[in-house]
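See structure below.
A, B, C and D label the chains in the order they appear, each numbered from 1.
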Amino acid sequence: MHAVTETHPSREKLGRLLISCSDRPGIIAAVSRFLHEQGANIVDSHQYTTDPEGGFFFMRVEFQLPNLTRQIETLRERFSPIANSFDMNWRITPAAKKQKMAVFVSKEDHCLREILWRWSIGELYADIAMVISNHPNMEAIVAPFGIPYYHVPFSKENRDHATRIHLELLEKGRIDTIVLARYMQIIPPDIIDRYQNQIINIHHSFLPAFAGGKPYHQAYDRGVKIIGATAHYVTEELDQGPIIEQDVQRVDHRHQVEDLKRIGRDVERMVLARAVQWHLNDQVLVHGNKTIVFR
Amino acid sequence: MHAVTETHPSREKLGRLLISCSDRPGIIAAVSRFLHEQGANIVDSHQYTTDPEGGFFFMRVEFQLPNLTRQIETLRERFSPIANSFDMNWRITPAAKKQKMAVFVSKEDHCLREILWRWSIGELYADIAMVISNHPNMEAIVAPFGIPYYHVPFSKENRDHATRIHLELLEKGRIDTIVLARYMQIIPPDIIDRYQNQIINIHHSFLPAFAGGKPYHQAYDRGVKIIGATAHYVTEELDQGPIIEQDVQRVDHRHQVEDLKRIGRDVERMVLARAVQWHLNDQVLVHGNKTIVFR
Amino acid sequence: MHAVTETHPSREKLGRLLISCSDRPGIIAAVSRFLHEQGANIVDSHQYTTDPEGGFFFMRVEFQLPNLTRQIETLRERFSPIANSFDMNWRITPAAKKQKMAVFVSKEDHCLREILWRWSIGELYADIAMVISNHPNMEAIVAPFGIPYYHVPFSKENRDHATRIHLELLEKGRIDTIVLARYMQIIPPDIIDRYQNQIINIHHSFLPAFAGGKPYHQAYDRGVKIIGATAHYVTEELDQGPIIEQDVQRVDHRHQVEDLKRIGRDVERMVLARAVQWHLNDQVLVHGNKTIVFR
Amino acid sequence: MHAVTETHPSREKLGRLLISCSDRPGIIAAVSRFLHEQGANIVDSHQYTTDPEGGFFFMRVEFQLPNLTRQIETLRERFSPIANSFDMNWRITPAAKKQKMAVFVSKEDHCLREILWRWSIGELYADIAMVISNHPNMEAIVAPFGIPYYHVPFSKENRDHATRIHLELLEKGRIDTIVLARYMQIIPPDIIDRYQNQIINIHHSFLPAFAGGKPYHQAYDRGVKIIGATAHYVTEELDQGPIIEQDVQRVDHRHQVEDLKRIGRDVERMVLARAVQWHLNDQVLVHGNKTIVFR
C-alpha cells in the first residue's frame, strides 16, 4: 500500500514563485512581465500587502512552463536581478518536487491515520520519509504504508540523547517538514532552531484559549459552548507560534471531558490535514507571528 | 410600532416547572405523576444530571393545563410537599407571563436593533420596559418602538450617582432581566448582587480568549483564523461569568481590526439574541460557573 | 488489531426503552413510575409529540438497573400491560448488546476507513461481522481489523445471483444493521423489504438536491456555493428515504468536479459516522418519511 | 437618520478594472504593466481561468491612482487598445461612485431592515434611491431613513400597469441595482431583460432544493436536517439564475414550519446582505449560469 500520488503530468510544468518584500509600485508588473518573457503562463496568483501605503508585500504565483525542471536554474538566475532590485525574499519551486516529511506521534492515532490516509490517496503531495514516536504502539498502523517507524523513547533523563537521535534521523532523511500529529512532548530549541517555520503542531484547543496542558479539561471547567483545534508553526514559546488554521465544533453541558476529547479528535485531524496541505503547496507565508495563507 | 406578541391562546395554558436538586431515584416519576394527577399534559421535558451516581439533577418540564393562570397558586401549594421531600430548588411559571426587561447600550447600535426587532416581531417574549444608555445617540432608534429611553451619563466621577439612578429605574420598573447590548461600562457590584443570573452581557470575543478590553485588537494581534462572541451572565469577575452561548466566524490575514469589528457584529447580535431568548423561556439553569441550556 | 470496545462496566446495567404511540395524557407518568418501581434510575430521557393536541408520541428513556441482562425478560413482561393500555410500539434493549453490522463498499475507501477506525477505538458499539464489496480492492484495508471480506461481483446479468448471496451472508451473519459506505449499486427490493429502517446509505449530495447519479457533477453544473452529504435509511424510492443526518461544506467557483469530490469526502464520512452511531445507540426513530433523532 | 457612508478619502483614489476574455498568455503582464505606467498601484488582484489550457479568463484589479476621478476617461481611452488586442469585455469603475439601488419588498421586514441598517452604518456603499412594495406596511420602517417609499399594488389584473410604473420609477431613478428583499411577486420579462445580472433575489431555500413556492413547507415535508437560503441573479427561469451566495442552519424534527421560517429569516438576511455587498463592490462576475465571486 503505497501512496498513489505518482506525479500528474500537468504538475511537471507547474512552478511556484513566492515573494516577500517592502511594498513598492511596479512589483506585480515586473514579475508578470518576467514570467511572460520566459514563456510562462500564470495559472494562479495571490498578493497581499499589510498596508497599501508602504507596508510589506507578499506574493505567490503559480505558473506553467514547459520543461520547467530542466529550466529552473536558468529561471532563478534570470529572476535574480529583478529580485535584487526590489530587495525580495523569494524562491522558485517546481510543484513536482516532493518535500520530505517526518511525522511525530505519541499514543493517539487519529491525526497520524488522517495524514497517512490523505497521503495514500494523493491529497498530501510529499514523501513521508519516517514516523517517529516515543511509544511503540503506532507501528502496526504505519507498517502497511511502507514507511519506516522509529521508536525513540523520551523521558526527562534521556531528553538530550533522544533529541540527538531525532536530529540525526531528520538530517539523514533530509527532512523538510515535521508534523507533530499529537506528539505530546515539548520540542527542544535545537530542533526548533534548525526547522524554523517547518514544524507544524496541532494543539487541541482554540488558541489562545487553553494553551498548555489538558486543554479539554480546561474547556470543560470553563463551560464553553464551542471547542476547537489550532494548527500552528512551532516556536520556542509553547503554543504561541504563528497560527495556520483553526476550526471548531459545538458542545453543550452534557459533554464530559471524554466527550470533548472524542468530538475534538474530528476537529484536530481536519485542521491538521488542511494546514499540512497548505504548507506542502507553499500556500503559507509567515510574517512576524502571523501567517498569510493564500487559498 | 409595538410588539406584536399579543399572547397566543396556546400560551395561556402553558406552564413551566424548573427543578434542581441532588439526584435521587424517583424524581421524574414523582414529578410526572404529580402533573398527571393535576390534569396537566407534559409537552416537553428535559433533564440532566451531572453524574448518574449521585450528582446534581436539573429538570425543566413544559406542560399544558387549562386555566393555568387561575390555578397556579394551588399548583404551587400542592407541589410544595414533593419539592420538600427531594429538597428541591424549584419554580413554576406561567409561560404567558412576560418578564420585564431593561436594555443597556452605549454607542454601537447593532445589538440593540437586533433585540428591538426580534421583540417587535414576537420572537422575544418580554416587556422591554426601558433602554438605558450612557449616551444620547440611540434615542432615535428606540423611539419608534415606544420604549422609554433614559440617558444616564457615566464617568469615573459620577459612578456612584449613576449607579443609584440605574438601581432606582430598575426597581421602579420591576425589572427581571437586564441585557447589556454592548454597554461599555463595568457593572458595579451593587447591581450584580441584586440581579444574580439576571444580567446577560455580550462579550465580543470567544471567551476565555481575549477577555477584557479591545478583544478585536487582541484577536488581530494574535493572528487567529476565527473570531467569536460570547453571551454570559455577569458576575463580579469581569468576563468570567457562566457562558450561555457562543458562536464564531472565519477570518483571514486580510482582515484588519475594522473588518473584525464588522464581521464580529453579526456574530454578537445572533449570539446575544439566542441567549436572551433562552433566558426568557426559562431554558437556562446555572450550576456553579456553568450553564445548563435545555434546547 | 481488534476493536477496543470491550463492554464498559457501566454499560452492563444500562437499558433503553423506546416507545411510539398516539399521544395521550399520562404516558410519561406511567413509564417513569414503572421504571421507578422496578428499581431503575432514569439517566436520560427524551420525548417528542408531533402535536400536543392529539398527535403521535415518541419517547426514548435510558435507565440504569443492576443485573439488567438477567432481569430484562421480566422487565419486558411487566411492562407489557402498560404498553398495551397505551397501544404502544415499544422495545427494551440492553445497551450492552452489540448489534451485528455489515458494511457494503465499492471502490472508494474513505467511508469504510472512517467506520472501521471509529469502531476500532470504540466509538461505534457494534460487531462488524462482514464487509461486502463488488470489488476486491478494499480487502487490504479490512484485513488488519480481522473482519471477513466478501467479494461479490455485481452486474446487470448476475444481479439476482448476487442478491441471493448477499441475503445468505446477511442472514447467516444475523445482521441487524447494513451500512452502505459508498456502495455504488442499487439495493434490490428483496433486501430493502427484509431490512426496513436498518439500511443506512450515504448520499453524496445535500438531498433533495442532486438525487440520483453523479451529484458532484450536478452541483458543479448548477454552480452552488455549498455542497453536502446526506445519510438516510434506504427505501424503495431511490434517495427518497428518511433523512438521518446532513452536513455541508463551502465551495467556490474555483472548485472543479474533482475538488468537490475531495471536499465532499470529508463531509460524507462525518455524516455517515454520526448517523451510524445514532442508529446503533437507538437514538433514531422513524415516523412516516422522517426521522426523530434524540440527541 | 441618513447613511453615514460619506466617501472615505482613501476611496477617492481607488479604481477597479474588471476583465473577461478568452485566456491567452500575457494578459496579466499587459494589464499590470499598463497600470504601472499610468502611475497606478495595484492594491488587490484576483484572476480565474476556467481552464489553464484555453479556457475563459476573469480578472478584477483594485488599484490606487491619485486624482482618479479626473483621469478616469483618459485611463479608459488608454486601456482601450490593450483591451481590443485581447478581445476583452472590460470596465474601469471608480470605487467612490455609488450605484443607485432600489429595494422591492412585500410583507416580511427582516431583509429590508437588514439592508437599510447595513446601508445606514456604511457597510453597503450605494444610494438607496427608493423602496417599492406591493403593500403599504413597510413605510414606517423606511421613513426614518429618508428614502422614498412607493406603494404599487400588484395583482393578476393590474400586472402590466404595475410593471409600467415599476419601469418608470426605476428609469427615472436611474437605478443600477434592484434588490428583491422578499418581494413575493414574479418579476416580468420586461424588467428582467432591462436589468440583466442587476436584480438580486433572496430565495428562502438552499437551491436547487425546494425551488418555487413555500420552500419551508417543502423542507418540513421532506424532513431535512439543514435549511438554507440562496441569493441569485434573476433570470427568466424562476429560481434558476446564477447563484451568488448560500448559507445554511441546522434544524431538527422538533421544528415546525413556523420555526423553519423563524430560523430561516436569519439565514436569508445574512445571505442577501453578503450578496448585495459583493455585487456593489464589483466582486461578482457572471459566466453562463454561474458566478465568479472574487473575495
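In this text, a residue touches a chain if its C-beta (ideal position, glycine included) is under 8 Å from a C-beta of that chain, and two chains touch if they have at least 3 such contacts.
Here is each chain with its UniProt name: A, B, C, D = Formyltetrahydrofolate deformylase.
These numbers come from a predicted model, not from an experiment.
A.B. asks: Just grab the chain with the largest centre-to-centre distance to chain C, centres being mean Cα coordinates.
C.D. replies: Farthest by centroid: D.
A.B. asks: Same or different interface residues for chain A and chain D, judged by whether over half of the residue numbers are used by both?
C.D. replies: Over half shared, hence same.
A.B. asks: So what's the Cα centroid distance for chain B and chain D, whole Å?
C.D. replies: The computed centroid separation for chain B versus chain D comes out at 37 Å.
A.B. asks: What's the distance between the Cα centroids of chain C and chain D, rounded to whole Å?
C.D. replies: So the centre of chain C lies 43 Å away from the centre of chain D.
A.B. asks: So which bits of chain B are touching at least two other chains?
C.D. replies: Where chain B is concerned, no single residue meets two or more other chains.
A.B. asks: Flag every residue of chain D that touches chain A in the complex, lowest number first.
C.D. replies: 25-26, 28-29, 32-33, 35-36, 39, 41-45, 47, 49, 52, 64
A.B. asks: Could you pull out which chain C residues touch chain D in their complex?
C.D. replies: 48, 206-210, 222-226, 228, 242-248, 252-254, 287, 289-293, 295
A.B. asks: Using the touch definition from the top, list the residues of chain D that touch chain B in their complex.
C.D. replies: Its residues touching chain B are 1, 109-110, 113, 117, 121, 123, 140, 144, 262, 266, 270.
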